[in-house]
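Heads up, there are several structures right after this.
Shared chain: chain A. Partners: chain B in the first complex, chain C in the second.
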Partner chain A sequence: MSLEDIRVVVDAGESSPYQADALSGNAPVLLRELAEHVRQLMAAGEPTAIDLNALPLTPADLDWLKATLGEGEISVTLHSDGESTLAETACPGVWWVTHHNESGHVVSRFIEVAFVPELVKAHPEDVKTGLEYLESLIFDLS
Partner chain B sequence: MQGPLIDTLARRGVTRRTFFKYCATLASLMALPPSAGRAMAEAMAAAPAASRRPSVIWLPFQECTGCTESITRSHSPSIEGLIFDAISLDYQETLMAAAGHQAEEALHHAMKENEGKYLLIVDGSIPLGLDGAYSCIAGKTNLEALKEAAKGAAAIVAMGSCAAFGGIPKANPNPTGAVSVSDIIKDKPIINIPGCPPIPVVMTGVLAHYLTFGTVPELDKLGRPKAFYGETIHDRCYRRPFYDQGKFAKTFDDEGARKGWCLFELGCKGPVTYNACATVKWNAGTSWPVESGHGCLGCSEPDFWDGGGFYRALSRPADPLKMAATAAAVGAAAGVAITFANRAKKSSAKAAHETVTLADLEK
Partner chain C sequence: MSLEDIRVVVDAGESSPYQADALSGNAPVLLRELAEHVRQLMAAGEPTAIDLNALPLTPADLDWLKATLGEGEISVTLHSDGESTLAETACPGVWWVTHHNESGHVVSRFIEVAFVPELVKAHPEDVKTGLEYLESLIFDLS
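After this line comes the complex of A and B, so read on.
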């Protein structure tokens, strides 16, 4: 038997060794949880987040969830220590948040339920620094 | 969110949002509820890091330096590295420039200056055979050195499986009479961070906790921080759905192995091993043993070398139906989610859907 006789099969799932198309059945229930959180947001203005890395979800589950929630009108990209994206889904108030590190790996993933994710807002201290900068720009004009 | 650490970070070009993002990820790694990220960010930012850097003394005993290798490979430059800057590492044989008498002097100086306040990190086991002659530093046995350094320590971190449980040196027939730190020191808080080697971010996480709260994190019955060792590898394994469906790889090259099925029958110790590899992964999040197709060895559990073979399947399936049953129950109760399936047994469970305060975290 030569080496060529040994059949080599490469399964789908490109970079990952597991079956990418396997749904575990754990994703659909998350929709109910999200609905509950959105109700809470509307009633009490309380934002919440679900840590997707903390749940037993396969890559296929995540794809399903992302596709099901759809894409909304707005998406924010944060460039700091790797890219982060905060994209509103087709359900306003529900944001798909992905944090990458500098080498491009996903380090954490959340679904945030908020009018605007906290990370997007400018912090008063930073606004203060910004104002100082602005004033120095004006100063330079004269 | 304002304080010395934030200022230090800002001077190095780390913005508030970057820090916040880091804390959100750290909270996720520590299996804390998402809202804990903000609480941690606020507490850590306010920690008096720049003005009073806590002294850390690191003693190496009967070890292979793998633990130090692991820690120093936490991908740099990173915020984790910057948090390391928030401490003053006063003695670390492998990393320090000083040697011989100078090194010993630095050690004793640090011990005297910071008496009762320094954090002592130990890696390696302590040999008791032949009166401790198997491992000596500067003419002192490891036993003597440990007792001396432990006396003035605020807390001790036993880094790696050797310091925590005896590790490889203690494996049968234990020729040097190796024991763990907790076998010797009984009157100090000891944090065990087992693993062969431990995951770098676990170390940073414990340091972050110490900086944030000035206390030892909540520990399990083996002295491990619950944040990282609160769940088994199996609980968080992405191959878990296959385990629940009874789909197992039978050899390392069969169809099941190619399809990424569960490695239980190939000896995976995931079901009885408490560690964070499944979520944190290794080498800057690249992969981890099960993802690269090999079962878990159980390196963060006591006496894992003597467990009877890395490729022998565990004798009893641990809770084969637990996951399926929970999923069914959850499906029935509309509006409740699988978030609970994973977090139910943690004290943080109740907080998962509420605003978290510092008081909640600090226990």
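After this line comes the complex of A and C, so read on.
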């Protein structure tokens, strides 16, 4: 069963038409998918990312998932247009990734399964530009 | 010329026998070594680490180096026995790494030249343990 097959059950209450604060029952299914992704990572080194905003998950589901996966030792902050955080969970290789816009609002959330998230790696083109900067610093010193 | 060949010039003043707050002249040489390490990384993907505590650098040298290398977009915090910070410099691929002990004192400093610092990568053995944890979570749910 894949997440696409999950029927979205919305048990509308009186006060909230969406019951956004209630567990939908989809999060445990996601946990099973996640375990499969970790097995793929171990078997073939194949990284994957699950777009949490694209799934029928309530805020309560997200809270449950985050609490269930726990916190690991590593936390990465990336300052680009907005701030991104890439936090290792208590399951090494499983990262909770949140991207914010310049106003600080969450624009996307992912669970990334990878030995190291792609965004943390320096790209060869950027390393080349950095080397040119370093060489210009050295030139200015001489 | 390698750093091992650097003659340590200590221009002892009246108030401080070591002039720890003065530039020794060794930091610009380190910058040249660093550029060579970045070239090695680009040519052969070979990462290196420079142990700053093992070199004849004054605190002023370290401040100058850190300010000269600047700040990049990525900052990594690792909580193990003590806190470690791995901050990308303005030269991608060059990371300023500081390890603290449990009391918060700096115990070592490195400049690491790598696409991604080794410490940030999840190790396969830990990913395997994490998967077992994930499977136990799933088992408890069923």
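As a convention for this text, the second predicted complex is superposed on the first by the 121 of 142 C-alpha atoms of A that agree within 3 Å, B and C clash if a C-alpha of one lies under 4 Å from a C-alpha of the other, contacts with A are read in each partner's own complex, and residues count from 1 in each chain.
The criterion applied here is as follows: contacts are C-beta pairs under 8 Å (C-beta built on N, C-alpha and C of every residue); 3 or more make two chains touch, one makes a residue touch a chain.
Predicted model, so just to flag it, every value in this text is computed and none were measured.
Contacts of A:R32 after superposition on the shared chain: both chain B and chain C are touched. Of the two partner chains placed around the shared chain by superposition, chain B is the only one that A:S24 touches, whereas chain C remains out of contact.
Of the two partner chains, chain C is the only one touched by A:L137; chain B is not. Look at A:S75: by the touch rule set out above, it reaches chain C but stays clear of chain B. Once chain A of one complex is fitted onto chain A of the other, the partner contacts of A:G93 are limited to chain C, with no touch recorded for chain B.
When the two complexes are overlaid on their common chain A, residue A:H123 makes contact with chain B and with chain C alike.
Applying the stated contact rule after C-alpha superposition, one finds that A:S108 touches chain B and leaves chain C untouched.
Taken together, the two complexes place residues 32, 35, 78, 80, 119, 123, 126 of chain A in contact with chain B and also with chain C. Those residues of chain A that touch chain B in the complex are listed here as 9-11, 13, 16-19, 22, 24-26, 29-30, 32-33, 35-37, 46, 48-51, 53-56, 58-59, 78, 80-81, 84, 99, 101, 103, 105-108, 110, 112, 118-119, 123, 125-126. Within the complex formed with chain A, the chain C residues making contact are 28, 31-32, 34-35, 38-39, 41-42, 68, 73-80, 88-94, 114-116, 119-124, 126-131, 133-135, 137-138, 141. Those residues of chain B that touch chain A in the complex are listed here as 1-2, 14-18, 20-22, 24-25, 28-29, 31, 33-35, 38, 75, 78-79, 236-242, 244, 258-260, 279, 284-286, 291-293, 323, 327, 330-331, 334-339, 341-343, 353, 355.
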